[in-house]
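Letters A, B and C name the chains as they come in the text, with residue numbers starting at 1 for each one.
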Amino acid sequence: MKQKSNKGLIFIGLAIFVVFLFPLYWMFVTALKTQTEIFAIPTPLWPRELTWEPFLEQLSVSGDTLRGFKNSMIIAVGAMVISTILAIPAAYGLARFRFRLKKPLILFFLITQMLPSTLVLTSLYIMFSRLGLLNSYIAPMLADATLGIPFSIIILRTYFISIPKELDEAAKIDGCSHLGSFVRIMLPVAKPGIIVTAVFSFVYAWGDLIYGITFITDPTMRPITSSIYNYVQQYQTLWNSTMAFGIVAIMPVVLIFIFMQKYIVSGLTNGAVKA
Amino acid sequence: MGVAFAMPAVIYMLVFIGYPMLQNIILGFKNVDVFTFSKPDMQEFVGLKNYMELFTGKNSILTKSITNTLIFTIGSIFFQFIIGFGLALLFNKKFKGNSFFRGATMISWLLPVTVAGLLFKFMFASTGGIVNQFLTQLHLIDAPIDWLLEPHTAMIAIIIANIWIGIPFNMMLLTTGLTTIPEEIYESCSLDGANRFQRLFQITIPMIKPAIMSVLTLGFVYTFKVFDLVWVMTKGGPVNSTELVSTYAYRLSFEEFQFSKGAAAANVLMIILMVVGCFYIKLINDEEEAM
Amino acid sequence: MKWKRAMAVCLAMITVGAMALTGCGSKASDAGTAPAADAAESGEAAQSGKEEAASGGKKEVVIWDYFETDAQKEMMQTLIDGFNESQEEYTASHVYVPFADYEKQLTLGVASGELPDIVIMDGCGMASFISMDLFGDISDADINWDEYIQGPMESTMMDGKHYGIPFATNCTALFYNKDMFDAAGIDYPDENTTWDEFREMAKALTKDGVYGFGNAGTNTDEGTFQCLQWLYTAGGSYTDIESGIDAYKLMQEMIEEGSWAKDVVNWTQSDVNNNFMAGNLAMQQNGPWQIPGIEKDAPDLNYGVTVLPKKDASSNQATSILGGENMGVVKKDDTSGAVAFLKYYDQTDVMVEAMKQYGSFPPKTEAAQDAYWTEDEIQASFIQQLATSIPRGPSALWPTYSSAIQTGFQEVMTSAKTPEQAAKDTQAAVDAIE
């Protein structure tokens, strides 16, 4: 009896997996089809004539796909570093200490997370222009970090709360300062949470469209999301090339996901209870 | 000491978000438009004029976009939550491949929204779109539906795309909640002869109420501010039927050059979200005090 | 499994490395961004180095454009090379800004002062940016103002002052697939074709997945550009919607009949042309800039072009809407370089050569009479249509008008409202614009 229901569950799990990942499958298959097959009725679920042309075209040196990939990489890693460095101590401070401003500060971080990027676009543009940062990687990096910081703080804060107080008290008895116990005890223990927040800061920055497209007009420095957006404006119905472009754009996210899945799931489930 | 730890992040966010936000609030009370944009001496405070005009004009698009945003948000959250909850319950059981399947469903949440939007735009296309093909082959429809061309179906299409993106978020947070329920409670309950549904409504849901509330409020906040997805899929059309507050504010500022009105529309969005945010804060406060 | 671990270790190392820097707050964030900063700076340095080498102390003239096709880019490069060789004082260069983002970037440019010397932009958008103080008054410049065609010229002016010159001009006309007409045994449309006859043609040609007619009805100004002419031809204008209600009726009835493609509410002009080339449309409304594309992608397409259908036998030739770009001079302390470039372009032969490459018409009356256009049957139809073409606006509030007007067209095309209701509501929306 038990065995049987288990098989049923596997089947349901598999069915959900198939339905849920169908869009991704469809993206991949479309990228391998010829334009004629895409518009054939009914369109085949698997390409009859495999063509790698859209991929090769996207990856060829002349296309700006790879350049966009590199630009996005620089921007997203930068944003991830800024966001993680700022979020870790803030989350620790908000988790471990009692002070009057604590609640207002938590509220503040929550609110900043709620704002649509379009709201701050003009002011940021003027600010970056005065600092001479337009058309540099730094402008979208600084702006993208604001997407990751509140999320990271909220996740990490619950992470730090869940670490037993006794741990750092023991460290203090051994003569460690606050800073010492933070660096030596808390950081190693919170490592899974930190990795997750870093991953998410990266993913947020990687997926950003509006900041990248606004602060960078130089085509050679554009991140991949704005390249793909511009590409679609120009070649609306070339779906196979567009999808090939899309696959290049989601590659790092998929890789991160495959390699970091365990961390992401556990990091989120431990940290997100109250976030 | 705690303040010192938090300060760098606070300052950073104040500079890059707080200051622009303040600017935006001020801009919403001014009369900056195409004529006064470059003439600071002609810019003056006009009180609530922008808000009045946005709300009262005949065929007010703001009112329509708020309604649209609510439909979009509630439609998205309802299904995201139901499906996410179902998946959480499923993956809470132990079976082979459990963690693999659960992990795989996470991926839609991580994709760049621009790409997800393009993908769904393609799947919902009138010609060559796979959605129409499936529906026709299953004999659910006779003729292809022009998903993104008709006002009602365009809204449905963007909601479906957003559901796909948001399910993992719901599933993860609810899974977390479920793992906190001790096994013993179920055991004692099944001895009492309670059936599955009774167990679901009498134990599971009350036990994870905090997690449910978090999911719903956060889901509301994240969905209410969606911009990229709609911009890529429909740009608010056809006939403003998918115009959300976020896309409308953007359009007012950067396509019609009504800067103050655009700021005012964005502020309306912000006010609604703040109310929901305060509700959420109260929620986690109660919870932390209870702990 | 090993891979997974390696990846995890890598990421952990990055994170830990980053954390090691937290010890000294501000320095850490410097270190974090430093490599990127270097990269950005060296990139800039390389670029400016190149510019300096090329200019050798000359003053720079930077031009923004949104030209995407290879032909357009070549045209721009030829112009710039020609200008740079023609004089010693200035050196011009151009920057591509994507069309979808163009006006946003200009707006932000005005706000921050990050601007080029010359902006090439869509004619109907210029009035807004004149109001926003983007452009400077160059009425004193030595330009042959009176040689320009009036409509395009007006779009570069405000209150009698000149802010630039028209760069290219064009309009839409009616393309028709000759093979389809022959197969159906119908006469080709010509300058005498009326709306009723046009409607009959479209109906007769609609079959087997082919629509009789299609145009661009997307919810942007691109849609307004193509739809507005129907309103004018019916007797309306951008401020007088109700007088053009017959256009609404025609659109709704033809779409309901299936002879006017209903997909148009989502179509841009390239979508329309793609469908025309693919044989899905027997007739399309489109502009001369599509001709090079047709020649390249559908060289066998047997098509003709004529003026748009007129309302009835007694009315004049249909109105079309002027499209095309203007060159505006950005307001700066020193606009001499920009004006020099305009003067270079003001020469009729330079203009004619550039427009041949560009696939549009020169905005000067005389230049447009070049044999290159008048002796080509298709091009001559556009020249004929240009004679009854009018600009959009001009109004600084054009984007608001455009958005209200296009909403009206979309309501009619999707049958969301009756023509009467849509006309009433659109009129009210247009009247509400100050």
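Everything that follows uses one rule, which is that a residue touches a chain if its C-beta (ideal position, glycine included) is under 8 Å from a C-beta of that chain, and two chains touch if they have at least 3 such contacts.
Keep in mind that what you see is a predicted model, and the values were worked out from it rather than measured.
J.: Taking each chain's centre as the mean of its C-alpha atoms, give the chain farthest from subunit B.
T.: C
J.: If you tally the C-beta contacts for A-B and for A-C, which one comes out higher?
T.: Top pair by contacting C-beta pairs is A-B.
J.: Measuring centre to centre with CA averages, how many angstrom lie between subunit A and subunit C?
T.: 36
J.: What whole-Å value do you get for the distance between subunit A and subunit B if each is reduced to the mean of its CA atoms?
T.: Here subunit A and subunit B have centroids separated by 17 Å.
J.: Residues of subunit C touching 2+ other chains?
T.: 104, 111
J.: Residues touching two or more other chains, restricted to subunit B: which are they?
T.: Each of 8, 253 in subunit B touches at least two other chains.
J.: So which stretches of subunit A touch two or more other chains?
T.: Within subunit A, residues 82, 86, 89, 122, 229 contact more than one other chain.
J.: Which subunit C residues qualify as touching subunit A in the complex?
T.: Within the complex, subunit C contacts subunit A at residues 3-4, 7-8, 11-12, 14-16, 18-19, 21-23, 28-29, 32-33, 36-37, 39-41, 43-44, 68, 95-101, 104-105, 108, 111-114, 268, 270-271, 274.
J.: Write out the stretch or stretches of subunit A touching subunit B in their complex.
T.: Residues 6, 9-10, 12-14, 16-17, 20-21, 23-24, 26-27, 30, 38-39, 41-43, 82, 86-87, 89-90, 92-94, 96-99, 101-103, 105-124, 127, 142-143, 145-146, 149-150, 153, 178, 182, 203, 206-207, 209-210, 225, 228-229, 232, 239, 242-243, 246, 249-250, 253-254, 256-257, 261, 264-265, 268-270, 272-275.
J.: Using the touch rule from the top, collect the residues of subunit C that touch subunit B in their complex.
T.: 25, 103-104, 107, 110-111, 128, 131-134, 218-220, 262-263, 265-266, 396-397, 399-400, 403, 407, 410-411, 414, 416, 425, 428-429, 432
J.: Once bound in the complex, which stretches of subunit A touch subunit C?
T.: 74-75, 77-78, 81-82, 84-86, 88-89, 122, 125-126, 129-130, 134-138, 141, 183, 187, 191, 194-195, 198-199, 213-214, 217-221, 229-230, 233-234, 236-237, 255, 258-260, 262-263
J.: Could you please specify the touching residues of subunit B with respect to subunit C in the complex?
T.: Residues 8, 34-35, 37-39, 57-59, 126, 146, 148-151, 235-240, 251, 253-258.
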